[in-house]
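For reference, the structure I am asking about is given below.
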């Protein structure tokens, strides 16, 4: 027999001002199953909670209803109190008589009546509460980090330094990502590679980190704490155990006309190559799509002949390895639009209209021009350079409404670098707004404008066309007496929009994480869970979630690492027991589930699995659904979906919800 | 007819099937379901216009399931229900062979799910004219008239659950009507409870019912309950597309969605 | 397939040679154009900026008449007219209330169902398939295809494949055996309606266009809009004043050029109606490769 | 002296959007009709149509069903599934002649305290205009009446 305690809170005046709390408490005491009822000034205060604890003990209460504020406010508080008093915390329900009653209605009998109704409803619910216990899930303390850019590197190092195993997967032949392509970094203008390469080496040498370059995640199954991942190690065609990275192979490779990704297509590389001098690992792979041996079957083979260690092996095949991990950090990075995306700027047909990454390479000491800024078409040093911020970004017509965030800063940097290298050159920047929020960011931009006299023009550029050797940049100066301007430039740099990787969608589908309409991965909550995804155990780091600069990326990477380390802090993790369950009973019924599996489709978390129920002899008797408590987030869509109520949701069970409805509508009594 | 009998005999003979569910005539020459286990009995088989029963409903019965290799004499409606059942992961333990007679009056034997799917899609039935007529009539009525109609009809319901028993899609071992914790459906047969039951039944069958019409035909009180699901199916097909009992892949309208689904009824 | 034809005011006045050449070419290819009986002003002049309902009602009447006439396709050569008719059609089709409102005004039903063809669509779909057999001589010369604004914007209406750098007219000229140049002012503004009120502005803007075309070696400018043609041709004296050294580059309608390649006589194509002599182009006909 | 009819309105809402929206209405002290009683679900996907029937059966005059706007669902797709279920359920009730104007479906986000208040007020007004929901009760009354008649017939013989 239920013995329910009802505790009505005045919340100072907040409730008692419009609700006759004494009356509510008095009438509540008459409700069936209610053994004790009281009102008090501040239930959430220490004395208030003590009052509850004592009452539970004294009156041997089996459950309590706290008539106070919203459960979203204090449910936790009062459940703790209940637990302290020795009853299962899930026998505590809150009747929201403040937000939903006293605050929104005037002082009146109706308001008091409503408060009582709400209390009565929750009394009915609590009578049907069941003891719930936190769910424990075992955890494999190894993390998978996808992507070897600065985000992946940072996350991997943090997790590894906390003493956990890390598997780092990078799809290109070297880690380093876009950051390794950058020349200098804002707002300090320190050399990107100088700060990055030590980290890369650290990763390579870290005892807790297993590095797989030239590899991609094939598929992911399992759930938080227990992911099962297949990784494809693409055929390198080079036996790394033998290779010393001497480089004679790529020096001799005859196919030399392959656009160099690292230099943003502004130079060429060979078919067997290491992406850049500081690559980690610093050993070459064969790009089979462009290697004569593979394209013109068996022709060439120079590298094999030249290699002193006999490390070249054309027969190596892709290999799939299987790993078990407890958490996954997604750090797959971003891409940018290229000049061919802009019809108004000539569909990229002009070689001297380049994007930001290409400029980085031009300005980089390790770049194709050795750090001298020369234009691609004829290698001349440009006398006038025009920079266009917001090329594509914040432009509905281009389908990119968002701000790419980093462009304002790197455009200022680019202009600065150009001016530093060519004091007499002219630099113009067309911009919409300057978004330089960030530590010493605005100072940086001001410096470009004031000290390096970069000419900032507030306006857009409608078109660029070539006229006797010059690029005519036609735009508008919206400030002062707004007028159209045309600038004759030698080089134009488009700060093109930051976009999600081409394969972002397929990656998201492999990981079962959601993504926004621009294919950036979606965080679990825009404010309070900016690092987690909707799939428990998978976190996000860096620009795969949204455009970010380096400090932000590193911060988020460390945050993702922290989340992972928290998950690894115990040998098993505990989860809220508000999850769905499919009933099971003794033979010969086993379960009322008919195994139609129509519920599988509606689960956003792939939490509903197939269970084969067999007899002792091992004969298959029936198939039935089973909810994986590790994956279930407790939305209950499957419950409402199930025709014969074989699935139920703990904490919001059919019995509970129905009795709430009934309780609500039963006529009150005096 | 002879052809059918011979084929049945042959299948039973060569062990393709251990049990044949079909029709034979009872004393008063009415076609009734029969279960044939030996080739010898095959000559009692009949298959004609008044073989209306949807025999697929028997496939849920344990004693039938035990035969494992089963032949089914079926009209298109029945075949549709088998298709739907397969798409809902039922009948997994059975090996089925289907005997039917096509429009040209020739015997057709289907021995695989794929063949079944092909045949059903090629001979897909449309809504029975008499049903369509009723639906149109009801839809033309005013809200109050419809309410009066169903009130009147459902007050006749005695909750015998024949409509449930005869429905191949109602294969739940325990039905919500039998749930008593909580008690979802009033056990007594008063009209409000009947309304409750038939609403639930229609909701559970909406987008799954294959419109064989058995529930309506069987109802001792003569309530046209089959119209509820028929109407629902039409609306669902219109709103979300997809036919019931059409393919092995299924495609249940109520466990899927499109972000752009109709929501003009939502404030 | 019957094809309706809506001339609008220009093609009966300042741009007569446009319709003359259009009909000449159509006739050559054995295609009949059916003028919409009792058609009225498209509202391009002032109506559309003064009264929205009127801006829809005017073109709507023409569309209604076309429907009554049972026309499924209507060719609207004039860029401005096309803009108005297409815009109105879009409104009619997208809004049932608007439809009923307008048909009330017109006192006749209107659906906006007929397909409105730009001159490019007409040429591609109806002339191209048969053109080759009629093209007798190549217009061997460099030409600048000038589209202007109304034929390229807004892009959902004009349906050009690449609005910022259209190629439709270039394709026609290639067929006619000319060499379209890649230039920068394809879709710039010629000054349009300011032709009379602010000739000076027209001169400035048009000068840029002529200048770029000439500087890139074009020997003719080809247009498909009567307004563009008028500004670049009629206003040449003022334009030349804006340029270091003037130019006598002729400005043809795309249909005139195509007509020439089909060996249709200059008179029939109305080439004599221009202010800037078109003799140069005529003389290019059949000339050896450039 | 007939006083104005005060309808009983039951609101089935999801925890993350509409319940929070109602909380917001509270914290911003937005006043609205006292007639509504809220029942909290984790997600609109959890709301079982049977509960709506039960509510009506037990004397609710009107019902509000509300959750997150499309694409805002805390569980990404619960409200999309709910939307279809509602659509089918509503048309079934329509077909059976049930007065579906007593059910209001709505999207109310956690930020729309005002919208919640308005929704409650409008629904209260419209349901008040419809009057008490008797159709359901009458279902059984008519039966009793019939039985009753038969009883009388018995005696009169």
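Letters A, B, C and D name the chains as they come in the text, with residue numbers starting at 1 for each one.
The definition used in the following text is that a residue touches a chain if its C-beta (ideal position, glycine included) is under 8 Å from a C-beta of that chain, and two chains touch if they have at least 3 such contacts.
On a predicted model such as this, the values are computed, not experimentally measured, just so you know.
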item	value
Contact-richer chain pair (by C-beta pairs counted) among A-B and B-D	B-D
Between chain B and chain A, distance of the C-alpha-averaged centres to the nearest whole Å	47
Distance between chain centroids, defined by C-alpha means - chain B, chain D (Å)	33
Distance between chain centroids, defined by C-alpha means - chain A, chain C (Å)	52
Inter-centroid spacing, chain C versus chain B (mean Cα positions, whole Å)	64
Residues within chain C bordering two or more other chains	none
For chain D, residues contacting two or more additional chains	49, 54, 77, 81, 85
Contacts with 2+ other chains: residues of chain B	176, 184, 254-256
Which pairs of chains touch, using the document's own definition	A-B, A-C, A-D, B-D
Footprint of chain C on chain A - complex, ascending	343-344, 346-347, 463, 465-468, 472
Of all residues in chain C, those that touch chain A in their complex	162-165, 183-184, 212, 215
Residues of chain B that touch chain A when the two form their complex	88-90, 92-93, 171-176, 179, 181-182, 184, 204, 252, 254-256
Chain A to chain D touching residues, read off their complex	70-72, 96, 98-100, 103-106, 108, 110-111, 113-114, 117-118, 121, 514, 534, 578, 602, 604-605, 633-637, 639-641, 649, 652, 654, 657-658, 660-662, 664-666
Complex contacts: residues of chain D adjacent to chain B	49-50, 53-54, 57, 70-71, 77, 80-81, 83-99, 104-107, 119, 135-140, 142-143, 146
